[in-house]
Amino acid sequence: MKKILVLFNPRDRFGDWWDRATSLQRGMFRLVLIGLFFALPFINNPVIDTPETSFESVLFYPLVMFAIMAVGLNVVVGKSGILDLGYVAFFAIGAYTQAVFGIFTDLNFWLVLLLGMGFAMLAGILLGVPALRLRGDYLAIITLGFGEIVRIIAVNTEAIGGAAGLTGIPSPPPILGMEFSVQDLRPYYWLSLTILLLVLWGIVRLSHRKPGRAWEAIREDEDVAAFMGVQTFRYKLWAFVIGGAIGGAAGVIYASQILSIEPKMFELNLSIMILACVVFGGMGNIWGVIFGAVLLGYLPEKLRFLTDYRILIFGILMVVMMNLRPNGLIPRKKREVILEKI
Amino acid sequence: MEFSILVSEFASLTFDGIVVGAIYALVALGYTLVYGVLRLINFAHSEIFMIGTMTCYAVTLVLGIATDTDPLTLASFTLVFLLIILAASLASGVSAVILEFVAYRRLRIMRASRLSSLISAIGASFFLTELFRIITESRNIAFPRLVDKEPIFVISSAYVTFDKVLVLIGATALFFLLNRVINHSKLGLGIRAVSQDETTSVLMGVNASRVVSLTFLLGGILAGAGSAFYMVFYETTKANVGFLVGISAFTAAVLGGIGNVRGALLGSFTLGLIQQYSSAVLGYNWRDVVTFVILVLVLLVKPTGLLGEALQRARV
Amino acid sequence: MARKVLEVNDLTIKFGGVTALNGVTIHVDEAEIAALIGPNGAGKTTIFNVVTGYYAPSSGNFLLDGKSLVGQRPHAIARQGLSRTFQNIRLFGDMTALENVSTAADGLNKSGLIGSLFGSPRSRRDEFNSRKKAESLLQFIGLEHRAGQLARNLPYGDQRRLEIARALALNPKVLLLDEPAAGFNPQEKSELGQLIRKIREVGHSILLIEHDMSLVMDVSDRVMVLDFGNKIADGKPREIQRDQRVIDAYLGVADHDS
Amino acid sequence: MNERFLMKRKLLALATSTVMAIGVTVAVAPSANAACAGNYKLYFQGALTGPAAETGINEYNGVKLAIKDYNKSASVKVDADAIDTQASGAQAPALAAKVVADECALGVIGGMYSGETLAAVPVYDGGGVPVISPSATNPALTNKSPVFHRVVANDLVQGPALAKIAGRVGKKIFVVDDATPYGKGLAKIVKLNLKSSQLAGTDAVTEGTTNFSSVVSKVKSSKADVVFYGGYYPEASIFIKALRDNPATKNVKFVAGDGVLDVEFVKLAGKNANGAYLTAPGLPMKTAAPKLYKAYKAEYNKEPGLYTLEAYNAAYFFLEAIKKGNTTRASINKFIDDEVVKGVGMTMSFGPSGDSESIVMNEYTIKNGKVVWVRKL
């Protein structure tokens, strides 16, 4: 029975190959895949190209940006099973950090990046300590409120530009001779892609170790996790903080590309969008989540030719897809390892 | 920060707060009923409300009541309003049932994660908002002045106008009606049973799907009625009107203890007042900050809202 | 006189008006298999929920190795060596058998998240230990061949055994078993009996809630009887069987329990 | 800041001359435009869909009409194209990047609102794409970039005018804004131009606000006899109704800027709109350019909106430049900096700050349901 499954399920077949593959083969595979992604801007043919907007800019935002944020939110929603409707707050905090420190100080971009992540983590704790004592949807509405509060504060604080936001945000310094400029958006894409890879490296490591197990246990059954010695509160808080840091990083890079930000860019619907990416792609499965992010980021751009109807169609697609694949496009599904390997 | 206004305008702020709260309540009940039965946030409920407001407008169009006509006589108003509220309730109720059928039913039967349903609902919400945005060419719609808004009488700073009185009376009537339905009808029994424990109640012969549909119908009808009052009170709508009202109503439901009908009422009126007072004292733009901070504080003291029952943790 | 590992003194807990436990005093001796029996709703599981820190008692206290556990969080209590299984199986369904056990084993090592992220020597060592421990425990209860399978896909009997393995991963001084034999056939029950003894031999005391009299009488050194939140008897299995109050209060009801 | 821009200007000039030189010596057009010769593009940036679409469509119509008229007689043909920002600063940069990347794009008419323009201009600046906005009035855009210009007066002109009107019609003024870049910005300038004795109080709402009762209460208790609203017509129409419905604020004068001056405002507020005091830097096409007005109605059989004329003229400026043989972004930038162009119903020239040097400000009011032009300020 299982045999048959293995035979006909490409995913399992890949899995089997992966399990059998030598570290060299794996390394090669990774390399090829990564290389392919880095090469994307050169392969912009009409099929994957997007109308109206420039493909490079779409690759950077929304695609990779969504992917980074989705991976971050997935730590919270997918791995630990906490519904967070205010994720945009961390993105905003990152973006404003880059804007404020970029414009008013000449702090090195990389320091600002760390700073942005730091502030986002702090916000994660600020939100988490009270909110994580609540459960389920009570927690959800609090996070939603947090997202709104951050935006409203930005609107009403003249010191950081108020409603008009901040303009003249500097770009990152050149890396390996690559200039970051609006004419050529590929460097931004490559930068963000690199960040994404780093994030993935970290998250994958964590998921296969103690913290990953703790998060999964919490998602499966918080009470029992506690009975089994898991420090549930601490790990939930960690999930918030890590998710926050990732969102913050995304924000910093985003701001450094679009040169000017305004509070309007950080509204609830972005949180919802990212959440949709996570669930749509396959909660808890990092690859599914990335795929979901890319798809949900790409569709509206690709659908631009529908002008007025694009969000309409987009909405229908969401309903249909969720009903066809309730667990997401690439659901979280641990392959059951065959005993020889234990 | 001007607390003086709390004194000088206390009566009018309070009165308006209660009126606004009544409208929130009618919407919040929809969230809470569905949540009670399905344990999920019906994200598209705000759009159900929006459809109600649009229906109200459509009715005035059909009746050929121009936006700028003079207020109607009491008799003709009563007639028109009954027509409007019936139409709106019907439209909202039906679309709520359809929504459940399209966006939730399949996922529920597959016992999919609640988040899947949430995203499906969000998709539906996008669709409905956009649909009406296109139909209305993303215009704001002005609703005709159906009834004269000259104050009937004045309580200190509060002007008591007919429309506000109408909202209060109408809402109260509906609450009592709902109370009867839930506590003294077969449907109500079903709803309460399923909220308690779906599987068991199914074993006891409750038709869960039917109960769920009827719950959505009930929630939709209330939202529709709410939209009618909303239109008479605010006299404007647009495709995304649901969002702001929806967020407030949902917050109210949580504040009172989501899943709990009385909680939804208490939460709504509390929220209405909080919003009025806070926007008067700190300025409208800080209103939502205050609202959410208070919400957090309340939930920290009572983790399941004002009237929420103690966290029913799974029996270990 | 054997040393008491777990002491529960004069424990009372009320839910609303209902008194679930009424001044109950029980204990478990070192290397003892103690059984806790009583009709449904007598408050057996409630005792478990109190001593594992899930419910706060209205009054009374409980000590593990003489240290009071009152007011501590569940995870802290578990880490001090008081772990349990559940009446209705509650495994981490989407995790493999091995992960289920190592998750509990993790509770005993101190390495933090940062360490895991950057693979500090300590975290590597801990990872290794958790895994080894989990594997040996699966061996111990005879589930090594299931290690890689998702808990929810295991057959019923294996799930119950896996819960025991998971609880053992915390090196409990006292292992709390909540109706481990529920739904077992005689064959499986006797095997479970073996297992319970084996667990005692490797040095864990056991407190057993069980409805199946034959198993209780077979394995336990001492039996405590609970009825409507009161302890009504405490003694050797033989004595308990002869105790008139027990027969009235309990065995009368027992037939439609077991 | 300024030096940087001057530097840029020099560089641009340099680039232009070299490009021209190449053009002369080697007998081929600059490679960048080789593919484009004959089908250069002027982009419109604004909302063609979304809540602000009405204004955007009118402006784009103006642009298309100008290009149509031009193409009738022109040797070098030009196409109209548009990026639909839905007036959102969030979408603008990515779309602007597309224009920068389009080698055939010679210039941008837009953005329509200040927010989206603030967000997009840095992108255009990077690509050296000349921009002439018909309707972005936020002062923050002044000196923003050498490529940015606007034919409308900015709020620094409109604000004081509004403050003057408010002072003219009443004694105590209550200032409300909608927390958008436009509304908040305008309200700020109005406040600056009021004596502290005149300012009765302030409040800020948000876009989409329907519940103005707390604001009305504040107006009432502040004893103000004038309300200034910095924002757009949808909320303004609800606000003015709320004021009129409350006996205590029934007769408070209502003053607002060009964001409110829109036929929709009258539609939404009904009778209540009558007597509102409104200003706009924009000219009503009907009075300023009657011939064009007829042509416009013939073309689209609908009324032109506010700023339709400005959009037409912004496009007209570009087309003049192209007619004079400027077919690179750099040379057009230079043309815009140096030349004075007599457009339809207005003469246009731009100072180094990018603001128009021929500023007009108009006062309007609503008389029994019609927008009426009162006077030039």
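To keep things simple, chains are lettered A, B, C and D as they appear, and every chain counts its residues starting from 1.
What we mean here is this: contacts are C-beta pairs under 8 Å (C-beta built on N, C-alpha and C of every residue); 3 or more make two chains touch, one makes a residue touch a chain.
Quick caveat: nothing in here was measured; it's all calculated off a predicted structure.
Chain centres here are C-alpha means, and the one lying farthest from subunit A is C. Between B-D and A-B, more C-beta contact pairs are found at A-B. Between the Cα centres of subunit B and subunit D there is a gap of 39 Å. Between subunit C and subunit D, the centres computed from C-alpha atoms are 74 Å apart.
Put simply, the C-alpha centre of subunit A and that of subunit B have 33 angstrom between them. Distance between subunit A and subunit D, defined via averaged C-alpha coordinates, is recorded as 37 Å. Multi-chain contact residues of subunit C, defined as those touching 2 or more other chains: 54, 86, 90. For subunit B, residues touching at least two other chains, in rising order: 285, 316.
Multi-chain contact residues, meaning those touching two or more other chains, occur in subunit A at positions 155-156, 223, 308. In the complex of the two chains, the subunit A residues touching subunit C come out as 202, 205-206, 209-211, 213-214, 216-217, 219-221, 223-232, 235, 238, 332, 334, 336-339, 341-342.
On the side of subunit B, the complex with subunit D involves touching residues 2, 4-5, 8-9, 12-13, 16, 20, 67-68, 137-140, 142, 145, 149-151, 157, 159, 161, 234-236, 238, 240-241, 243-244, 275-276, 279-280, 283-285.
Those residues of subunit A whose C-beta lies close enough to touch subunit B in the complex are 77, 83, 130-131, 133-135, 137-138, 140-142, 144-146, 148-149, 152-153, 155-156, 223, 268, 272, 275-276, 279-280, 283, 308-309, 311-312, 314-319, 322-323, 326-328. Across the interface of their complex, subunit A is touched by residues 52, 54, 73-75, 78-79, 83-84, 86, 90, 92-96, 98-99, 102-104, 106-109, 111, 113, 116-117, 119, 123, 126-127, 130, 135, 144-150, 153, 166-167, 169-170 of subunit C. For subunit D in complex with subunit B, the residues that touch the partner chain are 49-51, 53-54, 179, 201-206, 208-211, 213-215, 217-218, 220-221, 234, 237-238, 241, 245-247, 264, 267-271, 369.
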